[in-house]
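Look at the two complexes coming up: chain A is in both, with chain B in one and chain C in the other.
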Partner chain A sequence: MAAAAAMVGDEAERARGRRAALSFAAIAVVLGLPLWWRTTETYRAALPYAGIEGLGRLPFQLAVPVAVVFAPRSVPGDLPRPLPFTDVQEMDIAVNLRTSVTARYETAYRSTTAQEEAALDVATAQEADAGLHLLQDALLGALTVYVVPETSPLLPQGISVYVGKHRSALVRAGGGLATLRTRLQQLTQVMSFTSSSIAAALSDRLPDGQLGPDARRHLKSSLGYEITFSLLNPDPKSHTVDWDIEDAVNRYVQPVLDKLSLLANFSVDSQILYYAVLGVTPRFDKESSSFLLSAHSLPHVINPVEARLGSSAASLYPVLNFLLYVPERSHSPLYIQDKDGAPIYNVEAPASPQASLPLHVDVDMVRVMEVFLAQLRLLFGLSREELPPEFLLESPGNEGLADWELDRLLWTHTVENIATVSTTLTSLAQLLDKIGNIVIKDDVASEVYRAVATAQSAVDELAMGHLHSAFQASKEAVTSSERAFFDPSLLHLLYFPDDQKFAIYIPLFLPMAVPILLSLAKIVREARQQRKEPTKMD
Partner chain B sequence: SNLWYLFSHSVDKAWKELSNILSGIFCASLNFIDSTNTVTPTASFKPLGLANGTDHNLLRYAVLPREVVCTENLTPWKKLLPCGSKAGLAVLLKAERLFHSSYHSQAVHIRPICRDASCLAVSWELRQTLTVVFDTFSSGQGKKDWSLFKMFSRTLTDACPLASQSKVYVDISPKNKEKELLEVTPPPASVHEAIVQGDRRTYAVYDLLSPSLFNTSRSLNVQLKWKRPQDSSELPTPVLHAQRYVSGYGLQTGEISTLIYNTHPYRAFPVILLETVPWYLRLYVHTLTIITKGKENKPSYIHYQPAQDRRRPHLLEMLIQLPANSVTKITIQFERALLKWTEYPPDPNHGFYVSSSVLSALVPSVIAMKDMDVEQSPLFTSLFPSLDGSSYFVRLYTEPLLVNLPTPDFSMPYNVICLTCTVVAVCYGSFYNLLTRTFHVEEPSRGGLAKRLANVIRKFRGVPPL
Partner chain C sequence: FQDQAEQFFRSGHTNNWAVLVCTSRFWFNYRHVANTLSVYRKWLKWCCLIFHSHIVLMLADDMACNPRNPKPATVFSHKNMELNVYGDDVEVDYRSYEVTVENFLRVLTGRIPPSTPRSKRLLSDDRSNILIYMTGHGGNGFLKFQDSEEITNVELADAFEQMWQKRRYNELLFIIDTCQGASMYERFYSPNIMALASSQVGEDSLSHQPDLGIGVHLMDRYTFYVLEFLEEIHPASQTNMNDLFQVCPKSLCVSTPGHRTDLFQRDPQNVLITDFFGSVRKVEITTETISLDGDLAGFESK
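Entry: the complex of A and B
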């Protein structure tokens, strides 16, 4: 009897023990584990992953508002509808498999007002252009095309399209609507953007090899540029070189930079470097009795000089260096085969050995500045591409840059900015997704939100044709995305090793978990045994 | 390294940008300058050159006592010179000989000056100085003779064509009015006399731009030979010199003492002392004592800015009158703080540096000095400036101090983890056992090995077995 009572007592004890073990395990899992998880996670603010992905997929739509104004007696006969009317033409520029850019030309056809007629009633196209500019309220990106009658004296012989300094052009009528449409298309290619320029702007999304050789030369869009003019004098004992760079910059370069000030901030400085030798020895050519440098050795020439050009540590913006090299007396005169690159200035004075050294050299700034300005335009991608033979482009004169050239730059830079924002944010999102360790603070998250919002507004403005606001929005988007990407707080816990986490938590959790697990194992074993016993016992 | 600058507006952001840009240009770790080592002195630093009446709040001064000068600082310094190291005096500046010296210091000064006498336009003047002390006595077999070739392993060949002046000055001042004690070769074309820091000195001048210098030989190697073996006569002590040291025992308190010596025989003059102490040495200003010749010396101007932990260092500026021929001792006690364990550098037992204090004074000169024209001798007027003929300006830097802070045991986090985990495990384990173990009565067993061993021991003790 006592044994049976002891057995029952034992059973109750064992049941109580089992209940205690199970409740321990339950509390540990239900309360302990979530509490520990919440108190040891890194702070990661939420990011708009959907917005970033959407930005990557967004098809660009570039809308160009064009106004076609018919002077009296120049209206073609085969217009589809009476004036005034609007027409929309879409053109697809395929960049790659996923992205495509659609160009919409919203053409508004109308006839001239009385003031415009008076402005067109002058002798030359330049005066007409100047007069029309006063009447227009041209927004950035918009074009106005004036169709003048075939017999008009404004356009010289053989020229059927005249592109002015501002955002207007004169087209000779004749040939019906079809020729007008072709001329319009060619005109918009010249004055706004071509498919190759847009493709070049989106070049980082293109697979390699699809770009032409010129496309890589253009500068990447940046918030500012620093321009440095350097005079290299390798032999100060023989030449004392004087250049009036301040005056030349104010007269020739500053107007161009003022025109481009909408695009970026510019700062200009100049320096004179002495004992800056070329890396390559030019060879003497007997026929022309001068020294020659071949064009493909030019990159090696720049190398030893580049270390001394300096100032990349002191500037946030990319630096454009323009070098003027005065060759040594022993290497004068010096020419470059296949003229390309830094100009070499030759000492004009005949060097007689009795002349007292050092020779004084006054640099002819006009010649030098011509070359520098041409190179500056080339760097920005403003070169005059192939034009059809009947086009006449007005030279921009003192301003250095025509308004429509600025528009071209703005189109490509806006598109490039949006593409940059999208790639930056996508790679940031991928990085943060993959590495769970990185802390995302609130201000990083707010910068990302701002970048996504401004980029989306830039795309919307582009689709509506407001180039100015689209450009400003794209600049803000680039700034925000760069600020988010390069924030130093992202690196805070990046290199925290995993084994340190184990070293901290295992001594605490293992002694707690082992008894619980052993009790659970014992309970499971007993339960299994009990299930087997009823089948055995009967 | 130290950096000071007078701004015109918006100081703090511009200070950070300036220190970062200079750090990049000179390859020096100036980017470690932040608010914990920057102070705003009120009286010690006045702007050089042209300046409108400026607010001293726009001046910032920072010292990094741990940074040393090395070759990578010399290269950008040389790049600033117009001829670089290709021509002129800078040809001598090759790193492997320059750093083989007892003392090396480089400086760059920029100040606005009048472009011409009418002062209608302002230009920026860039002054670069390089100070090197070669100890030829200890490295040259006990002889005090030296030559340019021995010191720099090269000689001067030509002057920089862009220089308007290029001169070498050799100090040949006779001591104790005895001439013919030393000999300089090649014989100098001219001799320049100047009163430098109250002493009459004679300099031999070699003008690299004069065509007659390189007539005889293509290179110039200045040599100095002593005619008679030098008896160990002492160098004359300067009128103003200072020393600074830390005293005290243990790792809790200490005392910083500064000794300032005025060896002028009969003139007293005031000196401005600027002390910058990092925040982790907590100064007790009520223990500041200034004692001269046994009596207390009260400063006529004190500016004290206490430190803020991890934000600002201590700043103490005083104007102290030094009587003639005296030693002034300035002591202040401090307490060492315990830093957070992440704030210690990788070698915490090396110690923490306290930057040198700056003494600025107008020292009266024993001999009256004549006013020197800036154009004639730009070197002397900039190195040894004097406002009027009777005193000259001196800025002295004392030694930096090395102070040990109490360091924690860096393995403590691991120890703490082990300890707490053990306690938790043991305590939790026994608690768990109590709750979940089942207890039942057990038959006594016959005993095993332990019981037999215990019985053997009991037999030896004479106690009845179990």
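Entry: the complex of A and C
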């Protein structure tokens, strides 16, 4: 009796033991495993992967609003419809297989108003241009083309198209609609963008081999630039050089930078470097009795000087250095010889040998600034492309660049910005996908969302022809995407090799797991035994 | 001349950068600091072709002002004490305890806190050729930093991939002088990387010569022979990478130097040493000027 009771008690004990073991195992698996997984996973906020991918495939559409205004007696006979009417022309710009860019020219044809007629009734094209500029509402990216009668005195002989300083052009009538259309196309190529300029802006997406040296020359678009003007005086004993840089910057450089201020922030400073010697000794040429520096020694010339040019420690913007070199007395006059052997540029040369040293040299800032500003224009990609012979381009004069040149910059920069955003975000998404243990914080995710949203709105604005808002949106998108990509927190988790992971977890989990596993094993063994002898119990 | 001009454009880079890292601390690792400083000097020696602002120099310990240095304020790389590689104008960007794996990776990837000054950043772009030189104690798949942490070859490969994705380099030359150095470049997977190491997996890199006056070994063999090779290079030389691969054969170096070029797009035959070890400017002569009106009456100055 006692033995049977003991056996029943034993049985109950064992059953309770089995239940306990099973419940431990259940809690460990059901509660513990997910808890451990959640607490050790890296925090990765959700990113709009679909939006990023869509950005990469988005077809660009660049809409250019053009207005064609006919002065009296200049309307061609073969217009398809009576004035006023609008016409849309689309042109495909082939970039590569995946990207397509379409240019839409929304042309509105109308006749002149009384005020415009009065403005056109002047002696020269320049005056007409100035007068017409006051009448326009100067929308960025828009063009206005005024068609004047064939016999109009505004355009000089042999010139059929005059491009002004602002956003208008004068075209001589004649030849019918077809000629007008051709001239319009040529004008939009000059004043807005060409296929090659858009292709170059999208060069981020293009293989390298197709770029010409022109594309390598100009600067990548940046949010700001630091401009430094340096005067190099290697021989202060012989020359005391005076340059009125502050006045020159205020008069000539500042207006250009003000115009470009939409594009980027600029900061200007200047310095004078003494005893800055060139790296190469120039050769004396008896024929011209001057010193020559050949073009292929020029790369070595600039290096020692470059080491001495400082730059602001705080600013991270690219630095543009403009140097003015006053040759030493023993090496004057100094010319640079290009590959054809002809001396082409005279570095500032003081003329007469005077008895007393040091010579006082007053730098002609106008001539210097002419060169510097021309080089600044080249750096920004504003070179004068090949024009048909009947075109006359108005020189921008002291303003440095014409309004339509600013438009050209804005078109290419907007497209470039959007392309950069797409590349940055795509590579960020790829990176975060590939390297699984980087933490993605919430603010990084919100920057990415903002970048995607502003980039999409930039593309939409471009399609509607609002260049200004498109550019602003693209600038914002670039700032957000750069901030997201370069966020310092994206370095958080470094790589842990698998054997290290095991080395950490085994001492924690193994002691706990051993009793559970052993009792589970015992339960399974007993269950199997019972099934083999089901009628053991009496 | 026309050909030379064409070739400049063929290499595709417009500026050069360098990141030189010495990862060892303590007086008896003098040779690692001397290695790094000699590489630094070799660049500046070439008429300042790469100037300070384009070099990020990381030295994990200060040997010149170490209390055990019998010749304070100097670091020598040759036992005849010919050249003080420390010099007067060395600019160490990351010194002493600032040389950590995290800082190194931040420099490479550009994920730097905004307060970092310009000199401590690698401001390269997609047209930069970068030389990365690392030296210290290493093992199979890792490099030891400061005797307290290590960087693995996977992390290094990931960092280079991040640089590639953000277009932070045009071409990269990675040189490592540590024991089992070849293991560090095994895991690279980004394009346009060429790697050189002083020894294969399972081999030790040995030091060159001790100096009885200073009491430590002054340089490592591989770096010593590489720098000797570079002595003969001048800015206009046409020596290519294949010649660099032949430097320091087993008879001189005791270990077998290795290299990896499969990720590099151009043939090493066409890659000039000066593409990485020097910076040659591309010059363009312009003749355009704009016309400015000298006397602008009624102009208000701002």
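Quick notes on this one:
We take it that the second predicted complex is superposed on the first by the 454 of 538 C-alpha atoms of A that agree within 3 Å, B and C clash if a C-alpha of one lies under 4 Å from a C-alpha of the other, contacts with A are read in each partner's own complex, and residues count from 1 in each chain.
We adopt the following convention: a contact is a pair of C-beta atoms (placed from the backbone, for glycine too) under 8 Å apart; a residue touches a chain by one contact, two chains touch by 3 or more.
These figures come from a predicted structure and were not determined experimentally.
By the document's definition of touching, of the two partners only chain B reaches A:Tyr275; chain C does not. When the two structures are aligned on the shared chain, A:Leu508 is found in touch with chain B, with no touch to chain C. If you count the residues of chain A touched by chain B and by chain C, you find the higher number for C. Shared-chain residue A:Arg110: touches no atom of chain B or chain C.
After overlaying the two complexes on the shared chain, residue contacts for A:Arg73 are found with neither chain B nor chain C. Within the superposed three-chain model, A:Ser519 lies in touch with chain B and out of touch with chain C [touch as defined at top]. Of the two partner chains, chain B is the only one that A:Arg14 touches; chain C does not reach it. Legend: residue contacts after superposition of the two complexes on their common chain; A:Arg528 is shown touching neither chain B nor chain C. In the three-chain superposition model, chain A touches both chain B and chain C at residues 313-314. Those residues of chain C that touch chain A in the shared complex are 1-2, 4, 9, 12, 14, 47-49, 51-53, 101-102, 105-106, 109-113, 117-119, 121, 123, 125, 127, 152, 154-155, 158, 161-162, 165-167, 235, 279-294, 296, 299, 301-302.
Partner chain C is touched in their complex by these residues of chain A: 204, 208, 213, 216-217, 220, 247, 250-252, 254, 279, 295-296, 298-300, 302-304, 306-307, 311-316, 336, 338-339, 344-345, 366, 369-371, 373-375, 377-378, 383-384, 395-398, 400, 423-424, 427-428, 430-431, 434-435, 485-488, 490-491, 494-495, 497.
Residue ranges on chain B touching chain A, taken from their complex, read 21, 24-25, 79, 82-84, 86-87, 161-162, 414, 417-418, 420-422, 424-426, 428-429, 432-433, 435-441.
The touching residues of chain A, counted against chain B in their complex, run 6, 9-10, 13-14, 16-18, 20-21, 24, 236-237, 274-275, 308, 310, 313-314, 358, 503-504, 507-508, 510-512, 515-516, 519.
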